[in-house]
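Letters are used for the chains, namely A, B, C, D, E, F, G, H, I, J, K and L, taken in the order the chains are written, and counting of residues starts over at 1 for each.
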Amino acid sequence: MVFKKITLVGQSSESFEGAVDDAVERAEATLDNLMWVSVQNEAVELDQAEREYQAEVEVAFELEEGVGE
Amino acid sequence: MVFKKITLVGQSSESFEGAVDDAVERAEATLDNLMWVSVQNEAVELDQAEREYQAEVEVAFELEEGVGE
Amino acid sequence: MVFKKITLVGQSSESFEGAVDDAVERAEATLDNLMWVSVQNEAVELDQAEREYQAEVEVAFELEEGVGE
Amino acid sequence: MVFKKITLVGQSSESFEGAVDDAVERAEATLDNLMWVSVQNEAVELDQAEREYQAEVEVAFELEEGVGE
Amino acid sequence: MVFKKITLVGQSSESFEGAVDDAVERAEATLDNLMWVSVQNEAVELDQAEREYQAEVEVAFELEEGVGE
Amino acid sequence: MVFKKITLVGQSSESFEGAVDDAVERAEATLDNLMWVSVQNEAVELDQAEREYQAEVEVAFELEEGVGE
Amino acid sequence: MVFKKITLVGQSSESFEGAVDDAVERAEATLDNLMWVSVQNEAVELDQAEREYQAEVEVAFELEEGVGE
Amino acid sequence: MVFKKITLVGQSSESFEGAVDDAVERAEATLDNLMWVSVQNEAVELDQAEREYQAEVEVAFELEEGVGE
Amino acid sequence: MVFKKITLVGQSSESFEGAVDDAVERAEATLDNLMWVSVQNEAVELDQAEREYQAEVEVAFELEEGVGE
Amino acid sequence: MVFKKITLVGQSSESFEGAVDDAVERAEATLDNLMWVSVQNEAVELDQAEREYQAEVEVAFELEEGVGE
Amino acid sequence: MVFKKITLVGQSSESFEGAVDDAVERAEATLDNLMWVSVQNEAVELDQAEREYQAEVEVAFELEEGVGE
Amino acid sequence: MVFKKITLVGQSSESFEGAVDDAVERAEATLDNLMWVSVQNEAVELDQAEREYQAEVEVAFELEEGVGE
C-alpha cells in the first residue's frame, strides 16, 4: 500500500473551518481512498468589505494504480 | 516558579475548535495551575463518511513538586 | 506599488476565529489598502475558569507614502 | 528540461529501508525518467503486536509533456 | 474555487531568472488558470566548465474539475 | 479520546533501526495503547573503536486517565 | 545604537532583482540610516499574459528616536 | 539504555543564565541520571518596572523503569 | 485588546544580556504597555580587538489606537 | 576544549546505513578525536536500474590546534 | 566517493547573480571536483549610495583524500 | 571579497557567555580577518555535580586565498 500526498487551497467567505471543508469536499468528490488531511497555512484575502478565508491543506490518499503524473 | 510543557492531541467529530477544547478540558481535569496552550498542528482523519478533527497542542502548567518522570 | 507587513495579536474569549477577526478589524479601522492577513500562531491563555483565545497574524497593506518608522 | 516533484508514503512491515524501497518501486513501475528520491519523514504505526514502518519521500522525475494536473 | 499546488524544477544554462521562467513557461503551456508561483530553492549543478542553474518553484492553479491523481 | 506525545532516545551498537526498536520496545513494555512513533533525529556517538547509534523518537499513546505530570 | 527591522514587499514586471530594488528604493526615500536588507521570499503573480515579480525583504535601519508604533 | 526528554520553563528576575539554572536545579532536585539540557527559547515578561527572564529548556535523563505517563 | 509586535536589534560591547537590555530599554523609553520580549538571534560583530554583541528581539505591546504604519 | 563541525555526504549502492558508515569511515581515517555524527538528509539518486543511496552527515571532532581554514 | 560541503558568502556591487558567481568562481579556482552549489541566503549591505549584494552559498565537492580540518 | 563560514562548539564550566568567548578566542588565535559570529545552539552537559556549558557558533572570516578543503 502506497499513499500519495497533494496540496490544495480551499476558500470560504465565512471561516477557516469552511475553507478546510471546501478543500476536503473537492478531494472527496474526485479521489477514492482518502486517508487524512493536514492544515499547512491559513490566510485571509481582503478586498474592501469582502473577506476570503483560505486554507492550504495536504491531502493523502491510497494509490490504486500508478502515481499519476 | 518553574513550568512544564507537555504535548496532547485532542479529537472532535465537529471542528478544530472542538478538538482544541477537548485537549484543554482533559488537561484542566487533571492538572492544576494551567498557564497556556499553544496549537502546533491541525489535521483531519478521513474514514469514508466520517471526519475526525485532530489538534495537537502544547500545554504549560506550573510545577508544584518534582518534574514528573 | 510596495507593501508593508506588520504583526498583530488579536484576542477573543470565544474562539480562534474571533481572535483573528479582532486583529483584522483593528487593522481595517486604521489602515487603508489592506491586502491580506496570514495566521502565524494560535494559543489560549488559561486563567482559572477563563480562556483567552489569541491569534498572531501578519497583515499586509499597500504603502501610500513612506514606510513608517 | 523541467522536473516535477511528487510526494509518496511507502510502507513495510520490516524496516524503514523497506518502506523507502516500496515507494521507489511504485514510482519506477509507472513513471519514466526518475531522477532522485529524498526522504522527508519516517514513522511507525503501532497496532498491538504489529508494526507498520512508513517513509514519506519526495520523488523527482523529468517531465516529457505537460505537468499533469 | 479550489486551487492545487504542484512543485516543478526549471533549468537554465544562463541564470536563476531563466530557470524560474523555464518552469513558469512549461506550466503556462499545459495548465489553465495559473495563479501564482513561489520560489523554494535555487542551486547550480557544476560539470567542469558547464553551469546548470536550477530553480525549484511551487505553482498554484485553479482546479476546474477533479484534483488529478 | 485524547493522545499524549512523549520524546524518547533509543540506543543500539548496531544500527539506527536497532535504536528506534530500542525506544519502541521500552515504550511498549510500560505504556498501553501506543498509537504511533515518529523519528525526529538520528546520530552516532563515536568513542574510539565504538559506535553508539541513537534515534530520537516521538511516541503517541492514548490517555486513559489524567495527563500525567 | 538600536536597529529596527521592518518587512516590505517590492514589485516589478521585469525580474526579482527589480522587485528587491523597488523595496530598497522605497525604503531609501523615507528612512535615514538604512543598514541592510535581507531577502525572505520571492514569488510571481500570474494574470494571463502578465507576470508580476514580488520580493519580500526585511529592512534594518538605525533608530534615531523612539521605536515608532 | 533509553533517555526521555521533557520541556521545562525556568524563571529569574536577574538574567537568562539565571532562568536556565532555575530549570536545571529543579530537574536535578527530582530526577536522577540527568544527561544534558538544551536551550529552546528565551523571553522576558515585562510588567511595569519588573522584568521576568524566562528560558525554555529541554532536559534529557536516563530512564530507569517505564517511560512515565 | 490587540497587541503589535516589532523587531529591534540591541547592541552592547559587553555581553548578550547587555544587548537584550539595550533593546528593551529603548522600547520602554518610547512605548507604553510593553508586554513581553522574545530573543530571536544573537551574534557578535568582530572588528580587530573590538567585539560588538548584538541581540535581535521581538517586542510586543498593547495597541492604544491605530496599528501605526 | 573546542569542537569543529563539518558536513560530509556518504554514498552506498546498498542502503542509507551504508552511506552513513561510508562518511563516518572516511572521517575516522583522517581525523583524530571524532566525537559524534548527526544525520541531516537522506536521498537516493536513480539512474535506470541503479540506485545510489546518499546520507548527508554533520561530523564533530575536537580541535587540537587552529580551526583549519 | 564522499563529498564535503562548505559555506561561502560571495559579494557583488551589481546583483545577486553576480554575488553567487563570485563565490562559485572562488571555489572553482581552488577546489577540484566541484559538484553543486545551493543558495542559502541573499542580502544587501547598504552604505549611503553604495549597495553590496551578498549571497551565501553551500558548495559541495568530491573529497580526494582526507576531509581537511 | 569572499567569506567562508565554519561551525565551532565552545565550552565553559561557568556560563554560555564563556562558551561563546571560548570559541571566538580559538578562532581569533588562528584565523585572520574574522568578520562575525552567530550563535546557533546552547546546551549544558550534566555529569553529576559538574555542568559543562556549550555554545555552537558559526564563524565568518574573509578568505585570503583558496577556500581550504
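Assorted remarks:
Please note the rule applied: a residue touches a chain if its C-beta (ideal position, glycine included) is under 8 Å from a C-beta of that chain, and two chains touch if they have at least 3 such contacts.
If you're wondering where the values come from, they're calculated on a predicted model, not measured in any experiment.
Over half of the residue-numbered contact pairs of A-C are shared by just one pair in E-G, G-I or J-L, which is E-G.
Between F-H and E-G, more C-beta contact pairs join the chains of F-H.
Separating the CA-averaged centres of chain D and chain F is a span of 24 Å. Chain B and chain D have Cα centroids lying 32 Å from one another.
Chain C and chain J have Cα centroids separated by 45 Å.
Each chain gets a centre from the mean of its Cα atoms; for chain B and chain F, those two points are 21 Å apart. The set of chain C residues that touch two or more partner chains comprises 4, 6, 16-17, 63, 66, 68. Those residues of chain J lying in contact with chain D across their complex are 15-17, 41-46, 51. Contact residues on chain I toward chain C in their complex (touch as defined above): 1-6, 60, 63, 65-69. Across the complex, chain I is touched by residues 17, 20, 24, 28, 34-39 of chain L. Contact residues on chain B toward chain F in their complex (touch as defined above): 4, 6-11, 22-23, 26-27, 29-31, 56, 59, 61, 63, 66, 68.
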